[in-house]
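Letters are used for the chains, namely A, B, C and D, taken in the order the chains are written, and counting of residues starts over at 1 for each.
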Amino acid sequence: MWNRYLEVRGLTESLCQPLAIEDYVIQTMPDVSPPKWHLAHTSWFFENFLLVPHLPAYQPFHPEFGYLFNSYYETVGSFHPRTHRGLLSRPTVEEVYDYRSHVNRFMGELVASVDAGQWHVIAPLITLGFHHEQQHQELLLTDIKHIFAMNPLRPAYRSADVANAEPIVPFQWLGYHGGIRQIGHNSDEFAFDNEMPRHRVYLENYRLAARLVTNGEYLEFIEAGGYGKAEYWLSAGWQAVQTQHWQTPLYWERHDGRWSLMTLSGMRELVTAEPVSHISYYEADAYARWAGKRLPTEAEWENAATQIPVAGNLLESGILHPTAITADACLPAQMFGDVWEWTQSPYTPYPGYQPGAGSLGEYNGKFMCNQMTLRGGSCVTSASHLRASYRNFFPPETRWQFSGLRLTEDA
Amino acid sequence: MWNRYLEVRGLTESLCQPLAIEDYVIQTMPDVSPPKWHLAHTSWFFENFLLVPHLPAYQPFHPEFGYLFNSYYETVGSFHPRTHRGLLSRPTVEEVYDYRSHVNRFMGELVASVDAGQWHVIAPLITLGFHHEQQHQELLLTDIKHIFAMNPLRPAYRSADVANAEPIVPFQWLGYHGGIRQIGHNSDEFAFDNEMPRHRVYLENYRLAARLVTNGEYLEFIEAGGYGKAEYWLSAGWQAVQTQHWQTPLYWERHDGRWSLMTLSGMRELVTAEPVSHISYYEADAYARWAGKRLPTEAEWENAATQIPVAGNLLESGILHPTAITADACLPAQMFGDVWEWTQSPYTPYPGYQPGAGSLGEYNGKFMCNQMTLRGGSCVTSASHLRASYRNFFPPETRWQFSGLRLTEDA
Amino acid sequence: MWNRYLEVRGLTESLCQPLAIEDYVIQTMPDVSPPKWHLAHTSWFFENFLLVPHLPAYQPFHPEFGYLFNSYYETVGSFHPRTHRGLLSRPTVEEVYDYRSHVNRFMGELVASVDAGQWHVIAPLITLGFHHEQQHQELLLTDIKHIFAMNPLRPAYRSADVANAEPIVPFQWLGYHGGIRQIGHNSDEFAFDNEMPRHRVYLENYRLAARLVTNGEYLEFIEAGGYGKAEYWLSAGWQAVQTQHWQTPLYWERHDGRWSLMTLSGMRELVTAEPVSHISYYEADAYARWAGKRLPTEAEWENAATQIPVAGNLLESGILHPTAITADACLPAQMFGDVWEWTQSPYTPYPGYQPGAGSLGEYNGKFMCNQMTLRGGSCVTSASHLRASYRNFFPPETRWQFSGLRLTEDA
Amino acid sequence: MWNRYLEVRGLTESLCQPLAIEDYVIQTMPDVSPPKWHLAHTSWFFENFLLVPHLPAYQPFHPEFGYLFNSYYETVGSFHPRTHRGLLSRPTVEEVYDYRSHVNRFMGELVASVDAGQWHVIAPLITLGFHHEQQHQELLLTDIKHIFAMNPLRPAYRSADVANAEPIVPFQWLGYHGGIRQIGHNSDEFAFDNEMPRHRVYLENYRLAARLVTNGEYLEFIEAGGYGKAEYWLSAGWQAVQTQHWQTPLYWERHDGRWSLMTLSGMRELVTAEPVSHISYYEADAYARWAGKRLPTEAEWENAATQIPVAGNLLESGILHPTAITADACLPAQMFGDVWEWTQSPYTPYPGYQPGAGSLGEYNGKFMCNQMTLRGGSCVTSASHLRASYRNFFPPETRWQFSGLRLTEDA
């Protein structure tokens, strides 16, 4: 457990290694948090939910940090408004790293000192802290990408890799039988409360695309005037297109007739075989309607995903960008990694869902409204963080995550 | 068919009978339309979808009315912004009534002149027009209520009836068995496309409250500080409470320690046995959580409702206000009428859903995002408009409709 | 006095004579008030400042009308928000006319009953009420124009008159000597407090254009790309151009290469010899800078205006639209009437200015910030309401008034 | 000239010496710029107006810096939106300092290489660059103060000095004679174009307070309920009070019945004898009205100020906070330094004003609308930057500058 702790906490810091101090501080839109905020908030999580209640005589590192680095736990106390996170030059980055060290030191003390009875209580909370921190590792990278993309200088998080223009692998459908199926988490392994309880659902027969929709396919939609035709769009999506002037996915640019897009390695020419990414639910849905197909439900997706191993272009690959499939890929390909796949399922509680007790009950349950479920992880998700039953969720207009789509149809 | 046409169209006009000309013109918030807009839009519906395509040589009443009275059909053409409906003093109310007469006259001509083959095409469109107009009859009354409630003079739509303070009937649960069930419309009768196709769902055992939650019960939630405790609320709901300063349902007021509320008969003292109304989804959900229960899914609701007749305090009762149940009521009571019941189901397409062809495909499908489903009709819904499979839908912050809740629990 | 009262009050009503009831009710932007509001507010003015304090035992017509029809007198009490004036269908137009009659009747009683001592106190208030009502007569017409212009049907307030395409009279400068001059009101006649005290100012020599800038001249500015070149604009004006997408004066439209504009007689072809109207201060200032000239100060304007009679195309002409000058016009022409002339003077208190005592001190003084002074009246100003010392004032972005400009230069 | 250049440029950097890198990056409201932006913009000013046009073969340091660090010169080219200045983590602080060094090096080359004829052209531009940079030195300090004040940790820019609780010196009036006076700049020394031409004005007799209004006096206004009584406020000011919930000057806080305020040395107890600061024009005007006095016009202020030397608590004192006057102060005291004094004069062009030619004509002239003039400099203004004719200007709601007031009355 302690090695795992050091590993997870250390990865957060090594992900920040390429940053200049200035990069840690700013917030380029309300959804983005400054990197130093992520560093501090994940430490606060351990401090508030482990050290304060369970380590006798522990003193918080700083009396104001509870206010500054609580994200949204109303029952813990008042907190600094989310939109104001970029207004804080202090604590400095160095002080935030000191905070991390402080928390790590006392977490070591806690782990070393508890007896078996306490361990029973504490171990699940520490595990939750790992998964919480892994979520913020993903956000760190998507937020850094946004911070760099909003800058006219278009800095790179790391040096550019070479774009491999793979030939596009022919499109295929995979068929699945319907009937009563079970979805949701049912092992002893960690899972979030929103993946439970495992429960029965009824599915009709359906077919899933064997791979993700590519940039090249999405470009056809653009060139067919898809962003200008209301008939493909949900009403709220059409409004977003018009008020936000969407003409392409986020991060796409056109110069002199050539498409390029922002990556964590800076601007790069668009590769048609790569999965389309940084699209909203509205765009995923409109593309599918234009293509005469639909998005999967999360039950359909999970039913297919439980049958294959959790493997793919995830954070561990180090690519940090969705990649094209190869001709010899196992099918269905790209179920895990590359991009989160929008499903047509609103994020709702499973039948019999019970949020955790106490403040940690605010972790997932209170967001079950006006958000859509995404499945499968992305190129910036840790493999150890992912499961077939994992439910990610964002409002339908969200674009700054690595989000794309897989087509589905009735069988 | 023609008698039915005259009946539906006539009812719209008789609902407006108590209005002064001034009442027809204003828009008190973006969701509200001026009454004369409803009168004109429902006529435009017949003109645009029946007369123009099907009556040879028909000339539209006015060249600009297509622009002014198209509600949201992007594929029909551009339209006057919804938020600007209250900026139009012209056409006058008299001209709008002339428009109605004109459309009625030519609809009569159309119905009289078509042959059997055409009838096949036209009859379903006319029926759709009836149901469309009935939806606007309900909106007319909720909009008039809002128009009068926003006015410090608090005018009454009609003279006050006496409030009957019924004793509150004891609370009871009714149990339902789970398993594979079918929901959705499956007869030859009219239904909207969003109620189809009929399809299988899997339900666990559950219990439904035998009646709606009352004003008195809701008042306990208020008095327990429910509007001030984040733990009962969805995150988006808590934000709505704070930014919109919600402390009670819409239309409730407190003067000198006594509660009263706005009705279509003006201000009236609160009757505790009456169903609570004019609450958002967030409030319904928070109340249920406070009560240790939950809202039903729409499948759970429909499964119960298909077993009983469509009857209750509907528009035909003429009361225009939700009423308390009587001791001898058949259970489950108040399933139809009184108030629309918020379900916990987001408004999504049924498996295999296909929107209608052409512009009428915009009727329902494009709104299937960020809205919640309500069931059962209200005291201002026509009985002939309602079915067990009927799906109403509004964004979760909506309060100006007659909307309340029924508790549910796992069995 | 009583005849004058009847005359002024009667004119307000006869100006409304062409309106349909619907036209009385709506508010097309925050600056516009519904016509029935003007009818009621001007009555409230007499009720609140004359009847309530000075007529023994007078009972206000309605207990809520003080709240509804107080415009902005904080010291009188709270009032209905300005932006909500269009949300009131009640009181009906008929009830508002009853209110007027009621106030008129009791004003008659008051005038008939007071003795000479009281008359001394009351007469100035009644006179103020006349001028107040005359200001609202002008607003009535500009507001009706806006209400009709925002309607895609472009209704006309009255039947169209024929556009006289006068030949443009050659441009001329008139010279004025500088030195110490006096401006401000100094007779026994009525004037607003903001025109006083009369005081000394120092003027350099200057020249005033003998007539207003015409539509044709302004069109040259447009065609020279004036709305696209930042160098002609104040910074705040340039921002207004960009955020509000100004390309022409308000009410101008171009169809098939021909210019037309909205008038109180409906849409009409643009007449180049007519004075340009419905421009903001920013546009007046930008035009003058483009032309290599400037706007006059209000002292320069008044110094010239005091030397000529108050006559011109005013409300009494019945034209309700600015007109071209004729070849035989006395110079300077168009000083009074046609359009209000933007000056380069911010609206500030004169040295020694004292607002009136009590609530009426709020009439003018509290608006002396962020507004610019306009001089000379317009085609919808009553002659009996105007003086050379009269100071009108509006924020610099205002366009719905009849506002234009006269060029000036240093001598 | 070169020594002066090094001195001015060096002061900017030494003012930044106490900052952490993080402090350089953020923007806490639209009016505030990140410190590194000031460092870069002042360098861009020399690069764009001196090096590019006048140093042959000069290459700009970076092709995007013209876009990033142009403040508002429309005629120079497009620029990064003011509100987005805090969204840029790059260029880093170090790169910005490199930019400064680069510009300094080539400025040295330019100064060393020009002949007498060129010098004639260049010297005034360099001098303008000095004064421009001095303005930004003042902004640097006011912006840093805001950045620290918005942070719940309330960091200090430098260590706290001791508050000297001076006894309050008795209030006195100083009389001035009216008549024709001249104001405006008229020497060979540098002045901004907006201080010219020198011109005649007519003044009535008046009296100026011998010192500024103090915190203690302002506190009486607060305790008399001044922020709650509309009668003291301009209409726009009253609206600001209500929508922005003003109850005190900016930076005042009350804890346990004791007043403290944010300073560049962190939070400090309020000292009643110190001049009130960080108030808007609306508050200055309301205070004066409450006190039965008024603000001076800028002509009245300048007429008094030209008679005394430019000396006081300015940047050079190193106090960076307004101080109380001493019993032996020369009167009028505090005319220069401590706080900028709001005048009742809107910021308008002097008669005969001509903005500079070319892009530098945008420096002052285009802001002459909706702003009020302030006079006399503050505790963060350089002595060498100030003159009796100096006109500062801000919108009336501005509070983050060191701004206060001096009472005036008619004689």
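The rule is simple: a residue touches a chain if its C-beta (ideal position, glycine included) is under 8 Å from a C-beta of that chain, and two chains touch if they have at least 3 such contacts.
The model shown is predicted, which means the values in this text are computed figures rather than measured ones.
Asker: Measuring centre to centre, with centres taken as mean CA positions, what chain is farthest from chain A?
Answerer: Farthest by centroid: C.
Asker: Just give me the whole-number Å value for how far the CA centre of chain B lies from that of chain D.
Answerer: The answer is 59 Å.
Asker: Round to the nearest whole Å and give the separation of the Cα centres of chain B and chain C.
Answerer: So the centroids are 46 Å from each other.
Asker: Starting from the mean Cα coordinates of chain A and chain B, work out the distance between those two points in Å.
Answerer: Whole-Å distance between the two chain centres: 37.
Asker: Please output the residue numbers of chain C that touch at least 2 other chains, ranges allowed.
Answerer: Counting only residues that touch two or more other chains, chain C contributes none.
Asker: What is the shape of the graph in which nodes denote protein chains and edges denote touching chain pairs (line, ring, star, complete, other)?
Answerer: ring
Asker: For the complex, which residues does chain D have touching chain A?
Answerer: Interface residues on chain D, with respect to chain A: 20-26, 28, 64, 67-68, 80, 84, 86-93, 147-148, 150-153, 155.
Asker: Show which residues of chain C lie in contact with chain D when the two form their complex.
Answerer: Against chain D, chain C makes touches at 72, 74-75, 180, 199-202, 204, 230-231, 233-238, 281-282, 344-346, 348-349, 351-352, 361-362, 366-370, 396, 410.
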